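As written, the chain order gives the labels A, B, C and D, with residue 1 at the start of each chain.
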Amino acid sequence: MSKQIRVTVWNEFRHEQKNEVCRALYPQGMHAVIAAALQQDPQLSVRTATLDEPEHGLTTEVLDQTDVLTWWGHLAHHEVSDEIVDRVQQRVLAGMGLIVLHSGHFAKVFKRLMGTSCSLRWREAAEKERLWVVNPSHPIAAGFGPYIELPQTEMYGEHFDIPAPDDLVFVSWFEGGEVFRSGCCFNRGLGKIFYFRPGHETYPIYHNAEVMQVIRNAVHWAAFAGNDAVIPFYGKCCEPLEPLKVRE
Amino acid sequence: MSKQIRVTVWNEFRHEQKNEVCRALYPQGMHAVIAAALQQDPQLSVRTATLDEPEHGLTTEVLDQTDVLTWWGHLAHHEVSDEIVDRVQQRVLAGMGLIVLHSGHFAKVFKRLMGTSCSLRWREAAEKERLWVVNPSHPIAAGFGPYIELPQTEMYGEHFDIPAPDDLVFVSWFEGGEVFRSGCCFNRGLGKIFYFRPGHETYPIYHNAEVMQVIRNAVHWAAFAGNDAVIPFYGKCCEPLEPLKVRE
Amino acid sequence: MSKQIRVTVWNEFRHEQKNEVCRALYPQGMHAVIAAALQQDPQLSVRTATLDEPEHGLTTEVLDQTDVLTWWGHLAHHEVSDEIVDRVQQRVLAGMGLIVLHSGHFAKVFKRLMGTSCSLRWREAAEKERLWVVNPSHPIAAGFGPYIELPQTEMYGEHFDIPAPDDLVFVSWFEGGEVFRSGCCFNRGLGKIFYFRPGHETYPIYHNAEVMQVIRNAVHWAAFAGNDAVIPFYGKCCEPLEPLKVRE
Amino acid sequence: MSKQIRVTVWNEFRHEQKNEVCRALYPQGMHAVIAAALQQDPQLSVRTATLDEPEHGLTTEVLDQTDVLTWWGHLAHHEVSDEIVDRVQQRVLAGMGLIVLHSGHFAKVFKRLMGTSCSLRWREAAEKERLWVVNPSHPIAAGFGPYIELPQTEMYGEHFDIPAPDDLVFVSWFEGGEVFRSGCCFNRGLGKIFYFRPGHETYPIYHNAEVMQVIRNAVHWAAFAGNDAVIPFYGKCCEPLEPLKVRE
C-alpha cells in the first residue's frame, strides 16, 4: 500500500502560450502547478509530458513506468495522434489509472474509453460552482467539508453524455441554474478512471487546495491494486477445468 | 407503448456459405431464422441486412427507419467499414436499440461502444450451458423458469472485459467449469444495448424457443422510450437560466 | 404490455385536515388529485387508501390487487404500523412497484427497503427547483424538455443517505445553492421502486402537468414485467442439476 | 493509509460447541482462526466477540473502537437482539466497515442493511466451487489467480435476493450446476460492506490461504477513508447558501 506511485501529468500546453490570463496564472504551464501540488505527497513520484514533445511525451517507456496519468487538453484534441490514443487506452485496460480533467471530457482517449460523445452544455461566465459530495464513503471525497466551493468557473451542464459512472462522487451546482455530475469513477479493464470537472484555464482552479486534494485522492484511488492474473487468458481457447460428458 | 417497433436483423452471413453444419441449421442464414422468430410478435416489423450488401445493408435510410438493430458477426469483423461503424454508433447514441449476439462481442461497433477489449476465454466443445436469472425484476427475464438450459454450446468464460453492466440479467454456468455474465444491459447516450451470449453457428441456438423469447424481450426493452429533448443542447454555449452576480 | 395496471394511491391525509393552505390546494386530499391525474391514462385502474382507514387501507386483499403503490407521508410516519410495513415490503419483494413521493423518504417502508437513514438537509423557503434529466434513455424521463422547472418548492439537499440508485434519472438544482438526486430507481427483489422528490404539501406540485407525467411514467416502469419463477426456490435445499463426483 | 485498522471478528460460536466435525476444524472457534489469519497483517489490530457474551460482545465501547467488523452466524440469527442490530447498523452508516461471511447472508443486520430477503437456494453436498474474478481492477481481487478453487463447499445458488451490488467481484461456479454472486460490495451511508460467500462450518474454509487473503483485502477496502463532514447536516434545516429572490 505504501509503495511509490509514479504519476505522469500530461498537458496540451497551448493556452499558456497564447493567452495572457492563462500565462499569468500558469507561467510554466498548468502541468507544472499540478505536478508541484502532487509532489507534496511523498508517496508520489511525478513527471510531466506535453503535446509538442515527441510522441506527445508518452513513449512506451514513459507509459510503462506510469501508474497514473492525468490528462488536460482542450484546443488541440485532434492533434493527439491515434497511435498514442491506442497506446494510452491499452495501458488503461492493462491497469494504469487515468485522471481526466475538465475539458479533457472531449479528449480522444476519454471518448474512446467511454464509447459515447461525452457532450455537454457549457458557458464561460465566471460563475460560482459548488461541488457536493454524494458518496461520502468514497476515498476521493476525503479531506474537506460537505461541498467544495469555487468562486469563478466555466459552467458545464447536463445532460453529460457519458455511461453511468460506476461511482458518482460529486455533483455540481452552478449559479446560472445547471447541475453536473462532476466527479465520476469508471472501471475499464484493469484500469480505473476518474473524471473531475473543475479546471478552466483562465481561473486559478489548480491553485485551489481542495481541488488538488481531490486530485491527490484520485491518484491514490486509481493506482492499480487489483488482479492481473486474468490477462493471459484473454482471447485464449482454454481446456476444460472439469471433465465433459462424452457425446457422440 | 403499443406502436410498431422496426427491427433490422444484421448478419455477417459467411459461416452459412462455408460450413456444412451451419448451412444445414440455417439454410437461408441465421438472420432468416432470427427474423422469422421476431416476426411472430405482431408488434415487430422486421427486415434483414447482411455484410455483403452495399453499405452492409445499413444505409442511412435503413438505420433511420430502425428502432432496434440485432448484430451477429464472427469471421469478418474487420471487413465492416469504419464508416458504417461510426454510423451505427451515432444512431445508438441518438436512441436506436442494439442487441449484440454471441461472437458479436468482438464486433467493432460493440468494442467502440464499450471502450474495452471485450475479450474473454472460450472453448468449442459442445458442452452444456445454463443461464441463471440474476435480476428477476427485469423484463428481459420474463417468460421462462429460473434458468435456461442449452444442451450444447460454445463456452465463453470470465473475465469478460466489458464495463460493469448497468443491469446484469443472466449469468451462465458451463459444464467445463467456467461462469460468464451472459445477459448484460448498457445505456449509452439515448440508446440501450443488450449483449446476449448464446448463439454459436453450429448449434441450433436460434431454433431454441427460450433464446428467442429473450431476444424478443430485449427488442421491446431496447426500443427508445426516453427523452430526446436533451440532444439540441449538446456542445452548445447556453445562456444562464438564472441571473449571474455582476463581477468587476 | 397493454394490460391494465392497478394502482393504489396512498396518502397520510393529515396536513389537508390541519393546514389551510394545504386544504385549499387539495380539498379532497393529495391522493384525490394524484389519483385523478393517473386516471387520465386509460391503462391505469386507480384506487386510494389513507392512514386512518382500517389497516391504513392496505389490507392483504388490497395489496394483492395492487400492481403499483404510490406513497405520500410526512407527519405521521411513526403511526404506520410495523405489520403493514412488513406487508408492503413483502409485496414489493414479490413484484409490486412502489413510487415514493417527497417526504416519503422518511417513511418506514422506504427506510426498510433502502437499509439506510434516508436523511438529507432541507429548507422551506418557496425557492425555485429545476430537475435535470441525467439519463435520457430512461422511460421515466419521457414527455418533456431537458429539465422540469418548479417555481416554488421545499429544498432537499445532499448528501441524501440512500444506496446508490440502480438508475439515476433526475438531479435537482435549487435556488439556495444545493443539489439533490431527485429521481432514483431501485430494484429490490422482484419489485421496482422509484423515489421522486417534488411534492411539498403547501405548493401546488401535484397540479403540475410535468410532475404528473413523471409519476405516470414511473407507474408504467414499475409495474411487474419480470420473472417470478425464481420465488419457489428461495430458501430451498435443491437437488444437484448435475451429477456430483462420488467422494469418500 | 498506513494507520492501524481495528478489526472485531464476530462469531455466533455455536456449531463449534455442538458439532464434532466443526470442533475438530475449529477447536477455539472459527473466530479464533479468522482472527489469527488477519493478525498476520501487521496493520490490523484484531479482537473477537461472540453471541453469548454480554451484549454479544458488541458494546458501544467495542463498536466505537472497531473500524471493520466481520460477521459469521447461522443457527442463532434470531437470538441476536434488535438493540445490537440497530447499533451495528448505525455504526455501519457512520462509517464502520462490515464483512458478512457465508450464512451471515441471513443475519438480521445484513437483511436490515440490504432491505431484501437475502434468500437463495442451497445444498450441502461437499461439492466443488470455483470463484471467478469478474472485476480485476478491484483491490479485493488481488493476490491470486483468475479464480479460487475450493474442493468441498456447501452450494449457494441464484437467484440471490440482494440489491445489485455496487461492485461485483466474484461469481461462483458449482459442480452441481449453479452459479452465485459470491463477492459483493455495497456502500451504505458512510460504510462499506462486503459479502463473501465461502465459509461452511464443516469444511476447512477459513484454513484456506486464498480465502483469508480475500478477507484481509476486504478489511483494507472496508476501513473508512471517506468524508464524515456530511453527518452534521443530516435532518437539518439549513440556511440558504445563496440569496433567494424576494417573493410576496
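FYI, a contact is a pair of C-beta atoms (placed from the backbone, for glycine too) under 8 Å apart; a residue touches a chain by one contact, two chains touch by 3 or more.
Computed from a prediction, not measured in an experiment: that's the story for all the values here.
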Set of chains whose contacts include both chain D and chain B: A, C
Angle of rotation relating chain B to chain C [CA atoms, steps of 5 degrees]: 180
Computed distance of Cα centres, chain D from chain A, in Å: 32
Centre distance in Å when chain C and chain D are each reduced to the mean of their C-alpha atoms: 30
Residue numbers of chain D (touch at least two other chains): 128, 130, 133, 135-136, 146, 157-159, 164, 166-167, 175, 177-178, 187-189, 230, 233, 241-242
Complex contacts: residues of chain A adjacent to chain B: 89, 93, 112-117, 119-128, 152, 155, 157-159, 161, 163-164, 166, 175-178, 186-189, 230, 233-242, 244-245, 247
Chain C partner contacts - residues on chain B that touch it in the complex: 1-2, 43, 95, 128, 130, 133, 135-139, 141-146, 166-167, 175, 187-192, 220, 224-230, 233, 241-242
Interface residues, chain C side, partner chain A - complex: 130, 132-136, 146, 157-160, 164, 167-168, 171-174, 177-179, 181
